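Naming follows writing order (A, B, C, D and E), and every chain is counted from residue 1.
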Amino acid sequence: MSNPWQLSSARIVEKTAETPGVATYVLQLTDDSLRRRFQFRPGQFNMLYVPGLGEAAISISGNPIQEGLIPHTIREAGNVTHAISSLSTGDTLGLRGPFGSSWPTELCEDRDVILVAGGIGLAPLRPVIFDMLSNRDRYRRCTVLMGARDPSGLLYESDYEDWKRRGVDVLVTSDRPADGWHGNVGVVTTLLDRLPLPDPASALLMTCGPEVMMWYTAQTAVARGIAEESIYVSLERNMNCAIGLCGHCQFGPHFLCKDGPVFRFDKVASILRISDL
Amino acid sequence: MNQPATSDVWYFPKDGLTELIRVLQEDGFDVIGPTVDQGAIVYASIQSAEDLPKGLTDIQEAGSYRLEKRNDESLFGYVVGPHSWKKFLFPPISVVAAADRIEGHWEFSTPEEPQRPFAFLGVRACELAAIRVQDQVFLKGPYVDPIYQRRRESAFLIAVNCTQAASTCFCTSMKTGPRCQSGYDLGLTELKDGFLLEIGSERGQQLSRSLSLRPTTAAEMAEGDLRRQQAADQIHRTLETDGLPNLLKQNLRSSHWDDVGRRCLSCTNCTMVCPTCFCSSVTEVADLNGDHINRERRWDSCFNPEFSYMHSGIARDSIPSRYRQWMTHKLSSWHDQFGTSGCVGCGRCITWCPTGIDLTVEVLAIREAAATVESVDRGTNHE
Amino acid sequence: MSEERTIRVEALSRVEGEGGLYVRMAGRVIEDVKLTIYEPPRFFEAFLRGRSLEDVPDITARICGICPVAYQMSAVHALEQALNVRVTADIRRLRRLLYCGEWIESHGLHMHLLQAPDFFGAASGIELAEKFPQEIQRGLQLKKLGNDLLEILGGRAIHPINVAVGGFYRAPRIDDLQLLIPKFEWGLQAAIDATRWVAGFPFPDFSRSYEMVSLLHPDEYPMNEGVVASTAGQRIPVEDYEKEFAEHHVAHSTALHSLRTSNDACYHVGPLARVNLNRDRLSESARKVADEIRFAIPCLNPFKAIIARGLELVHAFEEGLEILKSLKILKPARMSYAYQDGEGCAATEAPRGLIYHRYQVDSKGKVGLAKIVPPTSQNQRQIEEDLREWLPRILTDDDAHTADECERLIRSYDPCISCSTHFLKLTVDRHS
Amino acid sequence: MIHQQPNILKMLSESRFTENLNNQQLQSLCRASRVHSLPAGTILFQEGELEDEVFVISSGHVRLSMSVPGRGNVVLLTSGPGDLVGWSGLISDGRMTATAVAADDCVLVALSGKRVRELCETDPQLGYVLMIRLARVLSQRILATRLQLLDLFRPGGDSR
Amino acid sequence: MSGKGDTSMASNAGRPKKPRVAVFKFASCDGCQLSLLDCEDELLSVASAIEIAYFPEASSDMREGPYDVSLVEGSITTPHDVERIQFVRQQSAVVVTIGACATAGGIQSLRNWGNHEEFLKCVYASPEYISSLATSTPISAHIPVDFELRGCPINRHQLLEVIIALAAGRKPRIPNHSVCLDCKIRGTVCVEVAQGIPCLGPVTHSGCGAICPDFNRGCYGCFGPVMQANCDGLVDHYQSVGHTSEVLLPLLRNFNAAAPQFAAVSDRLSSADARESEGSQHV
C-alpha cells in the first residue's frame, strides 16, 4: 500500500477570483501517470500543502468527470490558505488526496434534488451540480438554494444563468440587507420554507455551510416532509492528517476525514446540537 | 506476526535472562526493557540484565507513584510505570514527510529512518492489549501508518506475567489481564529462582532454540500459578463496563463533566501516559534557509484547547468538554471506531494525573447520577 | 568668553541595559561628565526579603540576562557560607565549568559584536561581518559553544535552572557533556585565533594609572573564589569587602557608585584587572598567546580590555576542556543542609568584573537581608574619570564624533547597566 | 365579489397559513377576504401605519423593510408565496412594524383582521388553529431573524 | 516540475521592502533581546532578511521610525516609560512583546503586592533622584499589543519564528499547550507524581522545552499560564496533599506573578491566609 503521507506536486494552471477573499485554483498534478489516475467523488477533499506552512483540507469543487483538472475554491482563513492566495498560475504546491466520503449522487436518480448552500459551502456541492448538468435527465427537479452574507458572497454567480438554462433552478438570497440588491433578503432556510415541494417523500437534500445553518436547514426540511434519511450534510472540524490517524477531526464517534465530511443527517443529528462536542 | 501460544512451558534460571538478552542483541534487536531512572521504572534501551530494576516495586495511588525496596531480588516485581511501549512503536516525534527545494522546485518524499528492530522485554498483559488496540488504529483502518507498521512488524515481544498488582490496576474489569494470553512471541513468569517460558509464536519458537531451556517441574508450574494468582487477587479496582458505551453517549449533557472540569487541569498527562491514545499533530520544521522541511508528527492531546481549533473557533473550548471528549472517546466511541474499548485498565491515567482524577470513580459517578435521574423519572411516572 | 557646550548621548549603544552620557564644557574645559543611568530600578533587594533562600539563585539571575551565572554563583556561595555548607571538589569543578560557559558566551559576544566594530567604524557586528565574515562567524560559533555548555549543564543559556544552593538540582549527563569535547577543541584554537585577531586592532595610545581590583587565588585563575586583590598591593578577605568598598547614591544615576572607603577613589574591575593581577595563573595556551602577542602587564589601556577578554576566552576553553575530559559522575549532585540563622558573603568574577553578594538568612530558610554589588557600579565612576581624560584628546567641533569616541571608551568596559540598577533602595530606608 | 370566492378558496387552501382547514372554516375566511393584486414596486403598507388587513401571498414576492435614519429603507426580509405578511393586524390594532413593497407583480389574499378576529371569537376552534399557525409563522420569523443576527458568514467566522 | 514561482511559497518574493525591525527595552534584564543575539547560527541570515532599524544593544546605527515590527522587552515602571510606550506604538505597525516582563510585568511586578507605604517611603527618601511607579505593568496594560511572546527568558527559536512569520505576513506558530506535554515527549518522569515536588507545569505555557522537571525540579512558571489554565484546580489539589501556601505562594509569585491567572489564584491563597490568621487571633 502506498504511503498515505506522500505528497504529490500540483501546478496551478488557472486562478480565478470568485468572491472577496475567495478564489478558485485549478490544479494539475505534475506527474503524468498520477494525473491520469486521479479520480474523485463529489464532496471529497484534498490536503493542499504549502512547504513550511503546512496543509489545509480543501474540498474539490470541479467536475468529477473532467480528467486531469482539479479545481479548489479556497477562502483565505488561516496561514496555509493565506499563502495559497499569494500563489499564481504556474506555481506549484503539494497535494494529497482525494479523501473522505461523498455526496450520494447515486441515490438521486428519479428524485427531486435540493442543494442548500451557505457562502463557500457551495464549493463542495459544485461537483454535484456538474453531475446534474451532465445527467439532467436522470433527476427530477434540481434546485440550488444559495445564501450568502451579502450579494458579493454569492459564489459562482456568473454561472447561475447557465445552470438555470440547463435545467437546474437556482434561488439566491442575501442574509443581510444590501444597497442596490433587489433579490431576496433573508436566510436560506426561508427559501426552503416556501420552496414548492409536491413530493417531499421523493426529495433528497444536500447542504453545506455553517453548522448552524445546516442544522436549521435540516429542521426546515424535516418540517417540510423530507425524511432525515434523505438529508445529507458536510461537516467541518480541523482535519490534520486526513487519514483517520491523528484524532483532530473527531466528532462524537466519527472521524470527519474518513467517515465524513459528508454524513447522512440522521447519523449525526443526535450529536449536532451538543455544545462543545 | 505473533502466533497463538502453544502449550509448551519451559524453565530457565534467573541468569538465563542474560543469555536471552544476548541472543536478541546478536539477532540485531535493540532490546528495550524496564530500568530505573528519575525515581521511576521507565522503558529504555538495555544492555544486559544488570540494567533491570532489581528488588524494587512501585507503590501507586491516584496521583502518586513511589519506588520502594522489596524484600527479594525480583526483576519484575512491579507493574507499569510512566512509559508505555507506544513511545517506540508510535514515537513522540517522527518525520512523516519531507519537502526539499531542489533547483527552485519542491520535491516531496516520505523518508524512512533506519530503525533497528525492537525487542520489548517485560510487556505486561494490559500492554499487549494496548498494542492490539493501537494495531487496530494504525494498521487495520483504510489507511496504514507506515511508521507504526515498520516498527510494529519487526518488533519481538517478550511478555511478563504480573505477579502483583498496583492499587490503580483494573485490567480484570477490562478483560485484558493480568494473565498474558496471546500476542507475544515469548511469555515469562518470574519465579523465585528462575522463569517459566511460554512460546507464543513461530518467531518465539525459533529464538527459544538458542536458549538453554529445560522442561518445567510440577512444583515450578504450581509456583507460577500461585504467583500469577497473587496478582489477580490483588486487583480491587473495578470499572463496570456493562452498557458503558451507551451510558456515556446518553450522558453527554451530564453536570458531572463540570464537576470533573473543576479538578481537571487539562494538562494532557493522562493522554500522554495512556498506552492507546494516539492523537498527534503534524508541524513544519524547516532548516535555516527553508530549503528542507520535515513534516514532523508529534504527540498531541485532545486536552489542548487548540487541538480542536478551527477558523471559526475552538470546538471544545472548555475543560469539561475536553475531559468529556477524552473519556467518551476512550470508553464509548472507541467501540464505534475500532470495535473495542480504548481502555486496557493499566491505571496509568489514574497514577499520573497530577490531581489524581480516577476515571473509574468518574464513570461510577456518572452511572450513579444517571441512575438517580432515571429513578426520579420513574417516580414521576408512577405518580 | 568661553562658549558653553553640552554633548549628550541619549542612548548608549552596544551595551547591555540603558544609559546615556552627559558632558558639559566651557570652551575646552570639561566642567562635568556624567554617565547617566536611567535604567528603571527593579528593587530586587526588596522582594528577596522573606523569600526562601532556595529562590535566590533563580531570582538574582534575573538581574541580568547577560551574566546570570555570575549572580547565581555569588548567591549560592554566599548562602552556603551562611549555612555552613561546603561543597565537594566535584561540584566546585562543575561550577567553574558553568562559569567558563558564561565567560565564553559573554566575552565572545562583547569581543565580536559589541567592541570590535569600534575599531573599524562599523555600527554593529553584523555590519562588521561584511568586512570580516570569517572572523565574525567564528566569533558567533565561539559564543555559541558557551551557550551550548550552559544549556547542557544549566538547562538553558539565559537564566539557567540547574544552579542550587549546595550544588546542582541534577547531575549533568556525562554523555551530553562529552559531546562538547571535540567542539571545545576547535573552540580553543579558534579562541587563540580570535585573540590574535583582536590583538592586531589599531588601539589608541591611551593609558591611565588605575587601581585595579579583582579576585586572586593562589592556585587558579579566579572565578568563584579568592581574596580581593588590588594592584595597589592590598589583599582583602571577601568578608572585609564592605569595609574597603562602599556604594554611593548619585543624582544622575539609578545605579550606585562604588568607591574605595579610604579615599573615595574609584577603581577598575574586569578582565583587564584580572589579567593584570593573575597573568601567571592563566592557562598554558592563554599565557602562550599573551607572550606571542607581547601582552605586557600591567596593561593600563582600557581599550585593550578586548585582548584581556580574548586571553580569558582561551583560558575558559582550555580549562573547560580539561574539566570536560576528566568528568566523573557527580554524586552527590547537591549537598544537604539545615536552615540556621546566619550571614554569608561571597565575591566571584563576572565576565565584566568582580561581583559581591551578602545575605542574612534565618532558621526558617528565609532571606533577611540581601546586598549585591555588581561590576558596573564599581566601574561607573572610573569610566567618568577616564572620560575626563579622554575627552580633550578626541574633542573636535563635531559633537557626533566626540560622542562616538566617548561611547567607544565606555564600551571597552562592557558595562552591564541592567545589573547596576539591581537595587536602588539598599540605603536609607532599611537601616534608618 | 362573490365570483372571486372559488379563486380565494383555492389560494387559501394552498397557503401554509390556512391549509388543511375544514371547508366551513375556509368558507368563513373567504367571506372575510378579498384578492389583492399588487404591481411590482407598489407599497402594500407602511411602517407605523394602522392597517386592518393581513395578507397571504399567493404569488410574487414582497419586501419588508424598516426605515433607518441615514440609511433609508433597509430591506430585512423578502416574503414569498405562502407567506403571511402584515400579521400585526391579526393580534393588535394593526400598527405595521415594517413597510411592505411588491418586489414583483404579486397576487395576495387580503383578510380583514377585524373580521378574522370576530370569526375566531365565535369559533374558538378556528381561533385556536389560526393562532397556533400564527405562532408558527412568528416563530419561523424569529428563527430566521436569529440566524441573521448570528451573522454566520462573517469574516473570520466559519470558514464556509 | 517547473521552478517558476516555487520560491514564492517560502520566500518573500514580491515583497521588495525588508521589514524594518526595532527593539525597545523597558524595565528588564536584557535577556530576551539577548536571545536574538544568541541565535548565532541564524543571526546573519536574519539580519539580511530584515532591516534592523533600531536595536541599541546590537548596533549604534539607530534609525528613526516608523517601524514595521517593534519587539518590546520589559515592563512599565516609570512615568517616563508610560509615555515612551505610546511613542513606540505610534511608530510601529506591529508591536510584539517579548518575555515575561513585557507580557506580564516580570519579577519586578512583585512590587505590586509590596507594602505600599514602605515602598513609597523608600522611593521618596530621594525623590529628586528617581521616579518610579508603584506598579510594574505589562505593555498590554498601556497599548494594544499585536503578539505576545512568553518566557523568562523567551525561547530564541520562538523569537525567530515570530520574526520570520511577521516578515512573511503570517501568524506566528507558537505552540500553546502545557509544560506536561513537553515532559512526556522528552520522556521525563513527572516530578510531582513520582517525588511530590510541587510543579506549575500543568498550568504553565510551553516554550522552555520542559527543562526544570528534566533537571529534577518543579516548573516555576517562566512562560506564564497556559490557555484556560485551571490554577484553582492545581492549588486546591496541592493544598489537599499538604503543600502550604508558604510553598505555593512564592511559587506562583515569580516571574509571571502578575499574569492574571497566576495573580488571581495567589491572591486567593493570600487572602485565605489572612482570614485564617485573623481567625486565629480571635481565638
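Rule of thumb we're sticking to: a contact is a pair of C-beta atoms (placed from the backbone, for glycine too) under 8 Å apart; a residue touches a chain by one contact, two chains touch by 3 or more.
It should be emphasised that the depicted structure is a prediction, and the values quoted were computed from it without experimental measurement.
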If we look at chain B and chain D, which chains touch each of them?
A
Note: chains that touch chain B and chain E both are A
By CA centroids, point me to the most central chain in this structure.
E
Taking each chain's centre as the mean of its CA atoms, the one lying farthest from the centre of chain C is chain D
A count of C-beta pairs in contact puts on top the pair C-E
Would you identify the chain whose Cα-based centre sits farthest away from the centre of chain E?
D
Distance in whole angstrom between the CA centres of chain B and chain C is 51
Per the C-alpha centroid definition, the whole-Å distance linking chain A and chain D comes out as 34
Whole-Å gap between the CA centroids of chain A and chain E
42
The distance between the C-alpha centres of chain C and chain E, rounded to whole Å, is 26
Among the residues of chain B, pick out those that touch two or more other chains and give their numbers.
101, 105-107, 283-284, 286, 290, 300, 310-312, 317-318
Check each residue of chain A and list the ones that touch at least two other chains.
9, 51-53, 77-78, 92, 210, 236
Residues of chain D touching chain A in their complex?
16, 61, 63, 65, 74-78, 80-83, 103, 140, 143-144, 147-148, 150-160
Going by the contact rule at the top, pick out the chain E residues touching chain A in the complex.
1-2, 4-6, 8-10, 14, 169-171, 173
Give the list of chain A residues in touch with chain E in this complex.
9, 11, 30, 50-53, 78-79, 82-83, 86-88, 90-93
Residue numbers of chain A touching chain D in their complex, please.
21, 75, 77, 118-121, 148-149, 153, 173, 175-177, 181-187, 189-190, 193-194, 196, 208-213, 216, 236
Please name which positions on chain B make contact with chain E in the complex.
37-40, 42, 63-67, 81-83, 87, 92-93, 101, 103-107, 261-269, 272-273, 283-284, 286, 288-290, 298-301, 304-306, 317-319, 351-356
